[in-house]
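By letter and in written order, the chains are A, B, C, D, E, F, G, H, I and J; residue numbering begins at 1 in each of them.
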Amino acid sequence: MLFMVEMDVNIPRDFDADEAARLKAAEKARFQELQAAGTWRHIWRVVGHYANVSVFDVESNAQLHDLLTSLPLYPFMTMRVTALCRHPSSLHDDDR
Amino acid sequence: MLFMVEMDVNIPRDFDADEAARLKAAEKARFQELQAAGTWRHIWRVVGHYANVSVFDVESNAQLHDLLTSLPLYPFMTMRVTALCRHPSSLHDDDR
Amino acid sequence: MLFMVEMDVNIPRDFDADEAARLKAAEKARFQELQAAGTWRHIWRVVGHYANVSVFDVESNAQLHDLLTSLPLYPFMTMRVTALCRHPSSLHDDDR
Amino acid sequence: MLFMVEMDVNIPRDFDADEAARLKAAEKARFQELQAAGTWRHIWRVVGHYANVSVFDVESNAQLHDLLTSLPLYPFMTMRVTALCRHPSSLHDDDR
Amino acid sequence: MLFMVEMDVNIPRDFDADEAARLKAAEKARFQELQAAGTWRHIWRVVGHYANVSVFDVESNAQLHDLLTSLPLYPFMTMRVTALCRHPSSLHDDDR
Amino acid sequence: MLFMVEMDVNIPRDFDADEAARLKAAEKARFQELQAAGTWRHIWRVVGHYANVSVFDVESNAQLHDLLTSLPLYPFMTMRVTALCRHPSSLHDDDR
Amino acid sequence: MLFMVEMDVNIPRDFDADEAARLKAAEKARFQELQAAGTWRHIWRVVGHYANVSVFDVESNAQLHDLLTSLPLYPFMTMRVTALCRHPSSLHDDDR
Amino acid sequence: MLFMVEMDVNIPRDFDADEAARLKAAEKARFQELQAAGTWRHIWRVVGHYANVSVFDVESNAQLHDLLTSLPLYPFMTMRVTALCRHPSSLHDDDR
Amino acid sequence: MLFMVEMDVNIPRDFDADEAARLKAAEKARFQELQAAGTWRHIWRVVGHYANVSVFDVESNAQLHDLLTSLPLYPFMTMRVTALCRHPSSLHDDDR
Amino acid sequence: MLFMVEMDVNIPRDFDADEAARLKAAEKARFQELQAAGTWRHIWRVVGHYANVSVFDVESNAQLHDLLTSLPLYPFMTMRVTALCRHPSSLHDDDR
């Protein structure tokens, strides 16, 4: 089941730099784990912003909630969640 | 070069039904042509709306403009265009 | 899987009264069918508005999309869809 | 008498962790007390947010005001209050 | 139980003048009936607008909903409903 | 001359508690003085918010400005001011 | 007593041209009458818009309401009304 | 050349009181200098707010920019700038 | 003197096609005349929209107002006008 | 390929003055380097604001993203990015 999640990241300027680096590394590791699992299907940078547009493929709303709220950078993120579904005119059977 | 385009479609209730059907068929044909060409890379329905979220891969802004404004249903669409780029943490070389 | 759907209904004043009555009866029948099936779990009127707040329990995003867009009054509705999930502090195992 | 209350919770990152834990426990206890009493009839998490959608069944506006503003986490909450009433097409006599 | 209701009235320029006059007279009669009953406690014009700010004193949300949606000019009104309650510092026991 | 003033109060969590108590007491005394004088004609709590809806009856815009900006809690308030006037259909000669 | 009124004028393209010309002439005559009386103290065009920013000097809110709602072009106008008062640092005793 | 400038002033509660007094005095002196020169033609207080509506008469956009950004309170102000021009129906040749 | 003007064009679907073609040709001719005169210094299409971003270099606000409101397509345009000035870091003396 | 970027700069009052001066000098140097290279084609001040409207000519979205996010003042900027393309009626072949 597909959801678009738009994430804006805002780490305060005065936040500890080492802790920020640690969180970003943890975020990247977690992202790649979920990407490899096929759960975090797509991610793109938004030009000019510390932000991304992502598409998730999950079993349930609850799984998506747990996944998003446990991201290492979650406390610094603002999120917009949009429920998607497959488009009837799509040619690709696996277009998720 | 990647762009997210969010399209809301609003065909007035009193619009001629045959013409609407003709335009929708033309839209579908054009969409599948662009999808086959790799230009219209992704499309998803937005749940509960006559709307979609799409990702385009184009050569230039001008190509995207020509492509969008010549869609058969363009006169009935409201569009939001967002410039994207590849995310540095993506594992897939071809994640576009 | 739970979703809140907020629906505003706006039937133009000059819309044919008989057709409006027919659509409202069809809407009510469909609503009660879905309510009996446990899919349309809750509905409340919003005070002072021709609008409701509803909670749906569906198998997938696609089922919700099909269900909402096939409602008899759908062409006259504006919808806001919000993905929900069970709250961890809820005492009722079946609070859906 | 029914009201939808949408609550967003925002506890600052630098707030004392022990005090936060104490307030969350107090909030949970108060919530379950009101849930058992039938006053806080429904609560759902909003996916991706530290937020909930709730439905209250109260005797009066004043009771709702006292109840909301005395919640342990109230100082960290933003609320939207919407007056609801029973929908005439509902099949369940006790759908509150 | 008190509610503030802000009403904007918008009768289309091309609406039949006689019917508009009839509806306005019916609205005024209904308003004065509810005012005499103590239900429609206050009404003020908003300067420069065909709009009013009103305060209602009702038994329940359902009564307010029925009352508002049966106003003769209701189809031409946009409403904002805000739940109020007595202020603890008020000197007047009957300030409603 | 009548004005609706909607006041939201926001005292920061880290503001000195004694000073806050002193300001609230001063605000209450000033409010009751103006209420007794007939200037602050109405006040209602907004359910779920540290906010009120008030109606003032003043001689001039300048009097209202001086009165509002000298309230003890003014530095913590956000205000929306709306000019009102008597409604022609009101039955009460003194409905102010 | 001073008020800023921002007026946007929107006459539909299909409105009768002769009637529009008649209303504009009536509007201009009324405006100049009020300007000569010192009631409509200032008016400026907003660049690029069929709109103006005006300052009125009136005896009461009720006078302003009657004056604005009886303007010949009132049915085609959207208005924003802001209560003003003399600034304490102004050097001109008659800056109104 | 005329511009409306709407200025909201927001000096933080914890800002040094002496420095604030010094800046306000400098602002007043600068304002009166520009008022005497005919550049800052009008200023009005907005009722209930630490804000003003002003009209400037300048030689160029650049002069207005330099003038506004060098105001002593500029770092505490939010501004909205609107280009104006003389209204064709104005009776006063010098209505600026 | 420089202004950015953002123009959205919206010609109704049912507008006479010949008249629309005539207006567009007149608009283009007028645009090129002003472009040749150096008054309409820049114009760019906004991707995906029937809209443009333009920069004008005019003698006065009044000249800009007359110029914009006399454009052949003006009745179909929504405009946002922003006053600009030369940036102090620009290397080009004639960057207008 | 052309993009309009609108940048608002907001350096906190309590930010170190020397560091701010250093960042502004670095920003100016970087801006002039990009201006000389033809990448940062235009920049204008927005009157009354610490803000600019710029036009960039880049090879790709990714180049624009790298360029914007590496600006010395980027952490203090809010940006709006709009994809542009050449206007078909432009007389200048090099209007970029």
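Simple rule for what comes next: a residue touches a chain if its C-beta (ideal position, glycine included) is under 8 Å from a C-beta of that chain, and two chains touch if they have at least 3 such contacts.
This is a predicted model, so every value here is computed, not measured.
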For this session: Count the residue numbers both subunit D and subunit E use at their shared interface, divide by all numbers used there, and answer same if that is over half, different if under half.
Result: same
Exercise. So, what's the distance in Å between the C-alpha centres of subunit G and subunit E?
Worked result: 28
Seminar exercise, completed: Per the C-alpha centroid definition, the whole-Å distance linking subunit E and subunit H comes out as 40
Problem set entry | subunit D and subunit I, separation of their C-alpha mean positions in angstrom | 52
Problem set entry | In subunit H, residues with contacts to at least two other chains | 2-3, 45, 47-48, 61, 64-65, 81, 83-86
Seminar exercise, completed: Every touching pair of chains is listed here as A-B, A-C, A-D, A-J, B-C, B-I, B-J, C-D, C-E, D-E, D-F, E-F, E-G, F-G, F-H, G-H, G-I, H-I, H-J, I-J
For this session: Could you pull out which subunit H residues touch subunit G in their complex?
Result: 2, 4, 28, 31-32, 35-36, 42-48, 52-53, 55, 82-92, 95
Problem set entry | subunit H contact footprint on subunit I (complex, rising order) | 1-3, 60-62, 64-65, 81, 83-86
Exercise. Which residues of subunit J touch subunit A in their complex?
Worked result: 3, 5, 61, 64-65, 68-69, 75, 79, 81
Problem set entry | Parts of subunit F lying in touch with subunit D, wherever the complex brings them together | 13, 45, 47-50
